[in-house]
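First chain A sits with chain B, and in the next complex the same chain sits with chain C.
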Partner chain A sequence: MDTVSHVKNSRRRIVATLAGVAGTIALAGCAQNAPQDTFVPKGDNAQKIDTLQKVVFPIAGLVGVLVVALAIYIFIKFRDKGQDIPAQSHGKPTVEIILTIVPALILTVVGVFTFRTIMDLAKTTDTQMVINVTGQQWWWEYDYPAQTDQGITQPIITSGQLVIPVGTNVLLRETSRDVIHSYWIPALNGKKDAVPGRIHLLRLQADKPGIYAGQCTEFCGLSHANMRMEAIALSKEDFAKWVAGQQKGYTSPDEGTKAKEGETVFINQCSRCHQVNGIKDANGKAIISAPDENVYAGAAPNLSHLMSRTTFAGAMFDLVNQKCRDDVWKAKSDEFGAKYLTGVTTDCLNQKNLRAWLRNAPAMKPMYSDPTKLAKTGGKYRGMPNLGLSEDDIDKVVAYLSTLK
Partner chain B sequence: MFTPGSKYFVGLTGLALVSAVLYTFLVHPSDLGAFALYGLFLNAAVIAGFSFFTRDGDVATAEEAVEANTEATAPSFWPIVFAFGAAVTLLGLATNQIVFVLGIGALVGGGLEWTMQNWSDRASSDPAFNKFVRHRAVGALDYPGLAGVGLAVIAFLFSRVMLTVSKEEAPLIFIVVAAAVLVIGVLLATKPAMRSKSVVIIVAGTLVLGAAGVVSGISGERTELKVVAEEQPYTVAHRECGAEASAHYDNKANNMVALKSGVAATITVKDGKISAQLIGIPKAMDTITIPRSVATVVLFRNLDSTEHRLVANLGEAKVGTTDVMEKVGTCTQLTGKGQEQAMTVQVPKPSFANGPYSFTVPGVTGEIKLVVP
Partner chain C sequence: MAIIERPGTETTPAVVTPQQTLGAVKRPVETKGWREWLFTVDHKKIGIMYGVVAMAFFIVGGVEALLIRLQLAAPNGHILSADKYNQMFTMHATTMIFLFAMPMAGAFANYFLPLQIGARDVAFPRINALSLWLLVVGGIVLNASWFLGGAADGGWFMYAPNSGPVFSPSHGVDFWVLGLQVAGIASLLGSINLIVTVLNMRAPGMSLMKMPVFTWMILVVQFLLVFSLPVITVALVLLMLQRSYGATFFDVSQGADPLLWQHLFWIFGHPEVYVLILPSFGIISEVLPTFSRKPLFGYPFVVFSGASIGLVGFGVWAHHMFASGLGPVSVAVFSIATMAIAIPTGVKIFNWLLTMWGGKLWYTTAMKFAIGLVILFTIGGLSGVTHSVAPSDTQQTDTYYIVAHFHYVLFGGMVFGLFSGFYYWWPKVFGKMLNEKLGSWNFWLMVIGMNMTFGPMHILGLQGQPRRMYIWTKARGGEGLFNFGFWNMVASIGSFILAIGVLFFLINVVKTARSGKTAPLDPWDARTLEWLTTSPPKPHNFDRIPVVHHLDEFFHRKYEEDSAANTMRKIADGEELVRAEEAAADANIHLPAPSYWPIVLATGVGILGLGIIYGVPIMVVGFAVVLFASFGWVLEPSVAEDIDFAPASNDGNTKEIAPLG
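Right after this comes the complex of A and B.
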């Protein structure tokens, strides 16, 4: 093969590769099942970003294409063909002034709209509900301060799934217990970092009932990729039902049941990290968990109403089986609330996932939980350790956890 | 073949390699120290390579190098600066951070200049050429370095002024100064005839800034958020906090930006009443809800003329291994009128277990409930 065709060949290969990459990117943009798509706003705040984006992206895109096209044109047109060096001139005021004023004007227009959006997104005066959001490796905790005007008479604490009423300006007060995380529900608003020692505010508002998926977007260690979250928007009536469910007191399983045996296992194995509000020991004394002594972040998910959420461990795994999951995710927005509020019924419970988690949590989700390697954190776990439960104990614990509605 | 520069770096390369290997085997293979020594080895090797390759700045032959080295060099005061820097650095270790930083500056600056001079003096046997290469090499470091120091001094002095003037004046001053800088810059660029006058203006401006900076520095920062609470002897009224833990406290801590941005709530005493304002929530609150096991900063602001302190009541706990219960809590120090203090609370147990928790101010009725879910 001669050199020329060789060059042609490799050139063709490069072009083919580039086309392939570009094609993949373009096709990825058309993904059907993409719940974290940034360009599909489902609430006021995300809508504002989208409106801005629709102005800025075309302008920026046009400028970008123009500059690149011009540059390529010049590279080719004036390439070195052995011609003489043309006459050199210095400066051309008209061109320079135009080239200064035009970008300045474009930037001013973009700037005005951008600033307005930023200001709108930073507003807190129209807040109707506040929720404290606390990130830690690798899950999110939500606690709702008592707000009687929103029907929340007692504080609520939950994790993974953030439940909000539709059409309500919710303000998240974000912080972190260990490293920097970032809260992002693309359909509802932009990202906001959760930084230890600081409180950052993020507005959320959803127009319609539904599940809006999100993802921690600040690299936060081993299981960063497994640190997800979901915002669940419910109609106001359904939200009130959810609140009532979260404020229900504790009922210990009946004597002699498997679940009761499970409660004992739970008290022995799990209560040092996980709080179940209202759980009592054999002497009738309230059991208070001590995650501060066992977990590096000082917290583990509160399991009082575990079965009211459909995912667990950083919204990473389904607590319901595929059929029930589809039922909830694909529900029409007016039927969604009722379906979500059903919670995890016995038929829906994803036995496989929950059992796998109890059998060996770090095998499902990478965590720093090898007890022999905890010197750096003073013996505290980052994540949930493998507790070496027997299959019999797992049966009992699953039976018990199923009662935590 | 080897000229003194290459010899020096070849020697350093060998020494670094030997130390690195010894360190690896005797101390720790993956320690920071090992990385540093291997880094030194690589760097020295590269420099040795360069100086070998360039024959220490174009010394054509070894004989010429010898000649260059026998040439008497001018006396240098850089070793003195270097030694002075070393002494000041040591002094700084024992006394004050600023002294230490100045010492390090003199040490590094003196060392660099000394090295460069030493190298350039022996670059060739032609003193004029030596001077030229020295100028070319050092100029590239000197001017940006001096400009950096100049800018830092200006920024520092200006920041003193900005911290002293009131919140309202500060933006005005900023705008005026920025506009003046822009105008002078434009004049300098467009009207070459202005150049000599501009120098006068710049010198005058710098002098004015210097004077303003010194005056502001001495008169101190504006007081709006300063804490100057008086130390009080232990009295019955403040029994819930016991004796003050320390006669001193860091009143600068409250000026830290990090602390300001991390404030979860501000508790204010005004007209004998206590109220709380939570970040992000427009209306006043009587309850603060904070997550468990999170260090949370609460700012206490006293707007009454009597001194007050904020007390966090965090339930009770057993004393040691006994069954005796004791109140748990923490307090700010006494805070005078118009002053603020920050308090950090971190509560590992929920309030339903150990509570109720609250914030109170002795001598003021009412309380702010603290809820930990």
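Right after this comes the complex of A and C.
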């Protein structure tokens, strides 16, 4: 009796050890600080999903281990040891019925919780803030309608980095200007497709200030891999500062500076597609860009406050150098806001990336910008063409863009 | 062709007389050399050709996969451009699904289904040949795009509007649309052919519930195809009209809703998943009992769970669309339905395990692959269950986690099942045994390679590496030893080990062909009717149509129950049984004559398709060939002029094959 229980105990211990080892290996095998980890929720929507999957995955794992263990037992126990050919039994209905009911019960329980979470994540009645999110090849545009209770007195249009206040139920109203894209910030919620002609809703909420990485996850053509984004969560005070910064008026660079020359180049070369709010031509007439005449999607990123974002070109490239990037990405959450709001200082500006982009954008990011291959779009680009700027022009434009704080 | 069972009376003519030869071209009588293959209507030769074609495309799709893994081995890969990468993953999936998996299942179905039910051929032999040649033409059209301006680049799911003329301006998608339509006709014809064969041509005594499980699963698959292929065909035609003739079905600026494509695609696409896996389920449901020396545990449960997987499979398509913006009620319904489908699938796994329970397990290579399927499919099935939880799926869909999931299901499941079938049935088809030692290398390298390739993808996906991306970056790859770089490298190395494993199979095939051991007639002590004939079988399959009394008829002819000892007693040797059949051969066996027209008609359809891309003149040529071939087909003499056939005998029932094909 004693020996039996001893054997049982030691067996149990072995099983427990094996399970522990397997679990440790599984966890140890993971990367640290992967920015798009789907098991590190940073807001209550992602938390709801996480609560569900932290139950479902272990159940699936456990069932898997049990089935595989049973299988291995069978493989060893019933191997051909010269035994007789067994009687030809065709099965036992009772066993079949039990083996049908048990998984059905497990799945029923999982189903109930799944159902509740689906409904919770579809709720829109508790929305505190709305942002229109529009995907196009291969970048995201954010359009903040005026919402005085959030301090947004006039609309803000930006791109690449979505800025939200912490602890606020934000509702994204997603659509697309060309093909289907999908908005996904794993730390804040699951993904939701942005479909042309439709508006889809996605809840986002962040608990703490920080930068949360995401990527377009519906295949959207040539540069799908390069369509990234970040969500920036700021404390409410910092968010108010950010809003104020975005609503700041335009200041033309001083006469005689390189930046002023850059403004002229910008007006001639860039402003046909890229809007800078408040920019005026030599006659003092406001310049309204008309991207729909040149770009198939009919939009190009608004550059009014370019230097307030740390990435550009669909968040594909850092606008800041590695040191300043690490500063922002690795900031503690209470220091994050101040660091992000510093924007791109002259010291931080990633000259290499920005210049290379201005020199030949399609060489940096695959796009449909070869004029000989645009027959199907009536000559319109999908993406940014090579502008053929001289190095001198590039210097000037960089100087000008640096003023767009 | 149909089998006509009739009383032997003088008044009923057995077959049309050879004088009625009105055709424009003589029907080939006996063909030799390459003609023997091009014009054959023999289901066995057609089956072998299906296998060869599918294997060739398996290698093509495999090379595409290796290029993908080379590109992704390290961050910012530069082996392939973005454009080429997008073509590569589109064609990898398309090739593997439509040109490898389905035709390879078709190879097994074509060859073994008539043998398993004791028939002499399929119901419509010429249509069977047409299916094969249409598939070949479809495969050529699809892959021709590589050399004619680039392959399709929209993913195998080809979502609208990205697949439209504006967003995919090369001809790649046109080739894709046409190639798949042609291959689709092939599958549809094949499925009707096999359904009629199973329902009408089973040997006397073989009720549906005495059919081998492989035949059952193939039957279920054919019904899935019959009901799902029309849906994708409609979608493909709409897309073709949009791309080639300016229609606006998926043009959002004209008011289209792009989700229409997704619904059409997945209403086909999800049953398609079961089209891919059920044949392999069927194969291992033959292999496991054979090498366990026990009948399949719970035969009716396996059959009905297969059928119910097929049925419920039509009601879960939107689980591919949980992130696409469906309402919460739809999401909930499809989420629960998807969980429900896990139940019959689980039943199958338990039944396979219980088949082995109490058995006498013989670990041949075929058995090892079958066991591999059981384990690997279980893993893939369980990650599938995690996907059925819709909120969780919105995190993991379109990441490498789902790539891991379906490769465990399709490679670990489907491909392992097919390899099990290769080793199990090779002696039947070619009369030679595949080398077991090379087979062991083949199996273990594939197991290691497969787990190294697709195992790490679970981690990569859960940690946020999205799929369908020509590069991944260090910035999103995490830190520490086990960052994305580590696991991507492991996966890439694994893919080459996997490829070497497959190479061992090809070496085995060559070695066996050259110097393989001649197979005994019943090498595995098998259970089903295909073993009750010579290896390879004669053109007419069975010298005498067997009369069936049992499930696993062949086994029960060899063994008798010894109820006292609770075991089985051998009463006859498999080889003796086959020789006995030969001795009692039927006197009058008629087989359909070969035909020129299937391959000509298929070629015409291909040219017609190219005409849609390259303009009316080519279309006219294609149409002319199709018309010519159709008339040739219809007017072809139903038997060859000098075919030798004897009048029916008068001794009661005679089975004959009337070659009306």
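As a working rule, the second predicted complex is superposed on the first by the 345 of 405 C-alpha atoms of A that agree within 3 Å, B and C clash if a C-alpha of one lies under 4 Å from a C-alpha of the other, contacts with A are read in each partner's own complex, and residues count from 1 in each chain.
Criterion: a contact is a pair of C-beta atoms (placed from the backbone, for glycine too) under 8 Å apart; a residue touches a chain by one contact, two chains touch by 3 or more.
Everything numeric in this text was worked out from a predicted model, so none of it was measured.
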(message) Applying the document's definition of touch, where does A:Arg198 land relative to chain B and chain C: first, second, both, or neither?
(response) both
(request) For A:Asp292, decide between first (touching chain B), second (touching chain C), both and neither. (result) first
(message) Once chain A of both complexes is superposed, is A:Thr346 in touch with chain B (first), chain C (second), both, or neither?
(response) neither
(message) By the touch definition at the top of the document, which applies to A:His224: first (chain B), second (chain C), both, or neither?
(response) second
(request) For A:Gly91, select first, second, both or neither according to whether it touches chain B, chain C, the two together, or no partner. (result) second
(message) With both complexes superposed on chain A, which partner does A:Thr148 reach: first (chain B), second (chain C), both or neither?
(response) neither
(message) So in the superposed three-chain picture, is A:Thr124 touching just chain B, just chain C, both, or none of them (first/second/both/neither)?
(response) first
(request) Using the touch definition from the top, say if A:Gly190 reaches chain B (first), chain C (second), both or neither. (result) second
(request) With both structures superposed, pick whichever of chain B and chain C touches the larger number of chain A residues. (result) C
(message) With both complexes overlaid on chain A, does A:Ala60 touch chain B (first), chain C (second), both or neither?
(response) second
(request) Starting from the residues of chain A touching chain B, keep only those that also touch chain C in the other complex, and list them. (result) 196-198
(message) Under the definition above, what is the set of chain B residues touching chain A in their complex?
(response) 258, 261-264, 278-282, 287, 289-295, 297, 348-350, 352-354, 371, 373
(message) Using the touch definition from the top, list the residues of chain A that touch chain C in their complex.
(response) 28-39, 46, 48-49, 52-53, 56-57, 60-61, 63-64, 67-68, 70-71, 74-75, 78-80, 83-93, 95-96, 99-100, 103-104, 107, 110-111, 114-115, 117-119, 121-122, 178-180, 182, 184, 186, 189-193, 195-198, 200, 213, 215, 217-226, 228, 296, 366, 368, 373, 375-377, 382
(message) Looking at the complex, which residues from chain A come into contact with chain B?
(response) 124-125, 127, 130, 132, 134, 141, 143-146, 155-157, 171, 173, 175, 177, 196-199, 201, 275, 277, 286, 288, 290-292, 297-299, 302
(request) Spell out the part of chain C that touches chain A in their complex, as residue ranges. (result) 81-83, 86, 153-155, 159, 161-162, 165-169, 252, 255-259, 292-299, 301, 323-325, 327-328, 331-332, 335-336, 339-340, 342-343, 346-347, 349-351, 353-354, 356-363, 371, 374-375, 378-379, 382-383, 385-386, 388-399, 401, 459, 461-466, 468-472, 475-480, 482-484, 486-487, 551-552, 555, 559, 561, 565-568
